[in-house]
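Shared between the two complexes below is subunit A, which has subunit B as its partner in the first and subunit C in the second.
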Partner chain A sequence: MGGAEILFQGETISRLLSGLMVTIRISLVSVAISIPVGVVVGIAMSSRHLLVRAVLRAILEFVRVMPQLVLLYVVFFGSATAFGLDLSGEAASVIVFSLWGAAELGDLVRGALASIPPIQYDSAYVLGLSRMQTFVHIILPQALARLMPPTMNLVSRMVKTTSLCMLIGVVELIRVGQQIIDFNRFQYPTGALWVYLAIFVMYFLVCWPLSIASRRLERRWAA
Partner chain B sequence: MDWGFIAKYAPLYAVAAQVTLFVSLWGIVAAMLVGLVVALVIHAKVPVMRQVASAYVELSRNTPLLVQLFFLYFGLPKVGVTLPAEACAIIGIAFLGGSYMSEALRGGLESVAAVQEESALVLGMAPGQSFVHVVLPQALVAAVPALVANVIFLIKESSVVSGIALADLMYLTKDLIGLYYDTSEALLMLVIAYAIILIPVSVAGTVLERRLDHGRG
Partner chain C sequence: MSGATPMLELRGLRKSFGDEVVLDGIDLSVASGEVLVVLGPSGCGKSTLLRCAVGLEPLDSGEVLVDGNLISATARDASLRQRVGMVFQSYDLFPNRTVLGNVTLSPMVVQHRSRSDAEEQAHSLLDRVGLWDKRDSYPSTLSGGQRQRVAICRALAMRPEVLLLDEVTAALDPEMVREVLDVVIDLADGGLTMMIVTHEMRFAEAVADRVVMLDQGHIAETSDDPPAFFRDPATPRARAFLSTFDYRRRSGRASGSLTKE
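This part shows the complex of A and B:
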């Protein structure tokens, strides 16, 4: 079972942490894009235009039914053939995760908007607010507050999903781990065990607090 | 679009889809069993075991499947445990899915009103009988929507088994793109293959939910 020293020699830990930073960066950028896009999508899905709703639903269902890895392949390999674009793995990942996050959030926003009781609208109109004012000042804030728990949940799912980026060549946490294992192949033959264990623990330490926070908020809303 | 290429390689996609289905199916069956045991342990508040089960749920839900697979496939052989890639994939999906299934089942168990069990006991059933014949059937029905969502989730997650060199749909697609550069055709077949697998599951799930709902209402 020896070989755990690989984790404490030289730059192993600091390199793994820099890999983790790439993982977190991709997740945060994707979430930052998903939130505004998701809100717009959710509002558009509550639209009265049948065509808008039908087109959006078709796109969202496609994004949500396909495995994220399939979407990554389509964007990463497909963009070159279809548009002659040379996207980096990281750019392709951010595009896919933003799209996926916006689809997930869009559906949540639609649900949250639908959950606001009609009396909220009626009361605002009675007070003389216009339709636009009612929506921006009364409805939207209440809907967005309900979205906090699922959004935190989305961040944690986003972090876990970034592990797929290494399959299209992005040098993130897992890929850095592989480099460390390969580099130390002869000095630490059992390195793979310890490095993957360390990566497992690192993902857990990032995602676990997010799940706990999301659960706490959810309970507070339920109470 | 090169239709000749599609016609030529479509049979390979059928073979690769079988690999995807094989690991997903056995992984899901194993995940259901793990989930049932974990849900029962947590629901029945078995001392010590319950803490172990909760720790497992947290570990499994907060780590990516790909890392779990790499640990099983590349890490464990270093301590003398060498498993074939198929076994690693099925164990990985069971480890990940077990926690999701247990949460779904636990939600179902909690939705059954306490009066159901009390009534069964009053009618003279043993605690075991009341659980198997009264509580569990109702809990399973209530859990169906969540269970179906998990089945779809796990089939999608199985796409990462290409990372441990299993020749599934993802692996074949990357292979064909690398060999022939017929990127659009290979990607189109990939998307269609997953649509053929996932859409019927999703539709069947909706139909099942509606039918069960009707039975309850």
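This part shows the complex of A and C:
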């Protein structure tokens, strides 16, 4: 099985790594935006106002039901057509992934808040804590602990799904791999397998620690 | 009760859930240092009575007074809530905080006391229930009996004038009931004013200064002489209730065995 040389010629590995950096950058920025927005959305979704809940629920379902690819097209091409904006592919990707992350996290936060037993609120009330104090000292820390595993899961899904960004012209890991394969089609006809193997290893090295962390946290907070 | 202001006074408490009247005009008072035990069958309104007294349930009508001060029926102020402590049936410790963190939370956050002051007090409270060694443990690593003892310390940390206990041993294994109830008896000896709902009749008899029996939202019987109440209740209702805790000794095993010979 020849073709492995493709990985060691010229700048293959360093180019793949730069693609990986784009993948990681889009994921990290999106996660950094999703987390605070998602927490706020989740708290708002636990609100007693029916209208607030209904509106957020509608947005959330929309973002979740739409395939990410469609969202990417809508934001990337739609922003140009409708608003005359010239968004870069990466900016459009960050917008889509932040929306998606915020929607998913919002629902996770809502679920985590709802899972706190009412007795926790009662105990805090009896101890004289205000609603805000109860939320800050008792409810939120417990909800966040429960959120860690599903959030890690979401982040690793996000990392993987950024591969779709190449379809709006973002040169991320997979796209770089394809360029390398195309460029070397004649010199290394069987190189594709090796390039994809390298890509697999790179995704694995990013996502595996997340899944270990998720499992650790799950065990730690199991009780 | 020599005419002094009661520590806790409930006047004409009424509470319904939908069509169901749970408390139908309850008048009760607990003197300073007195231990009042509330008994009654399931669903008689005992827990609701405590929840109303502490402000967890809004009243339909009636008043709650602590040391002569009227406490509004709804949304009561933190300074008023601190005057009445409560411990629940289920383990209600905050799982995100250590034992020490649970006990010091309210003193620090609500009463704005210094950490050293709160911890010093937690030390003496936890020492009293034999759990100072567990101060850095999380609730999930404690037994049910240990959790309830911590919950009692946590309630006492805000220095309440009255402590309400709502079936604090109902969720415990029998061998853990004792360690919790010993703490309660110790508190009673220390002069703490308490209103206790329990199904542990022998404990009730041991700890009570006064016993009240609740039935269908009414007070069926009150007794200032708990041993007499348990021996010979005045009302048929109380007698019927207490008899549910007795079992008839079946008349021995018939001679011979069940297996055919």
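In the analysis below, the second predicted complex is superposed on the first by the 222 of 223 C-alpha atoms of A that agree within 3 Å, B and C clash if a C-alpha of one lies under 4 Å from a C-alpha of the other, contacts with A are read in each partner's own complex, and residues count from 1 in each chain.
We adopt the following convention: a contact is a pair of C-beta atoms (placed from the backbone, for glycine too) under 8 Å apart; a residue touches a chain by one contact, two chains touch by 3 or more.
Quantities reported herein were computed from a predicted structural model and do not represent experimental measurements.
Q: Given the superposition on subunit A, are subunit B and subunit C in a clash or a fit?
A: fit
Q: Go through the superposed model and pick first if A:I119 touches only subunit B, second if only subunit C, both, or neither.
A: Only subunit C; A:I119 stays clear of subunit B.
Q: Have a look at where A:V65 lands relative to subunit B and subunit C in the superposition and call it first, second, both or neither.
A: A:V65 sits against subunit B, while subunit C stays out of touch.
Q: Mind working out whether A:P189 is in touch with subunit B, subunit C, both or neither, as first, second, both or neither?
A: Touch partner of A:P189: subunit B, not subunit C.
Q: Considering only touches as defined above, state whether A:I138 meets subunit B (first), subunit C (second), both or neither.
A: Touch partner of A:I138: subunit C, not subunit B.
Q: Is it subunit B or subunit C that touches the larger share of residues in subunit A?
A: In the superposed model, B touches more residues of subunit A.
Q: Figure out whether A:L129 sits in contact with subunit B (first) or subunit C (second), or with both, or with neither.
A: Touch partner of A:L129: subunit C, not subunit B.
Q: Quick one: is A:C207 in contact with subunit B, with subunit C, with both, or with neither? Answer first, second, both or neither.
A: In the superposition, A:C207 touches subunit B alone.
Q: Once you lay one complex on the other using chain A, what is the shortest C-alpha distance from subunit B to subunit C, in Å?
A: Shortest inter-chain C-alpha distance (subunit B to subunit C): 24 Å.
Q: What is the shared patch of subunit A, the residues that subunit B and subunit C both contact?
A: In the superposed arrangement, which is not itself an observed complex, subunit A uses no residue for both subunit B and subunit C.
Q: Taking the complex as given, what residues does subunit A use to touch subunit C?
A: Where subunit A meets subunit C, its residues are 119-120, 122-130, 133, 137-138, 141-142, 145, 223.
Q: Can you list the residues on subunit B that touch subunit A in the complex?
A: 58-59, 61-68, 70-71, 74-79, 152, 155-157, 159-160, 162-163, 170, 173-174, 177, 183-184, 187, 190-191, 194-195, 198-199, 202
Q: Can you list the subunit C residues touching subunit A in their complex?
A: 54-56, 78-79, 81-82, 84-86, 88, 90, 92-96, 105-106, 109-111, 138, 140-141, 151, 154-155, 158
Q: Would you pull the subunit A residues touching subunit B in the complex into a rising list?
A: Subunit A residues touching subunit B: 1, 3, 65-70, 73-74, 77-78, 80-82, 156, 160-161, 163-164, 166-167, 174, 181, 189-197, 199-200, 203-204, 207-208, 211.
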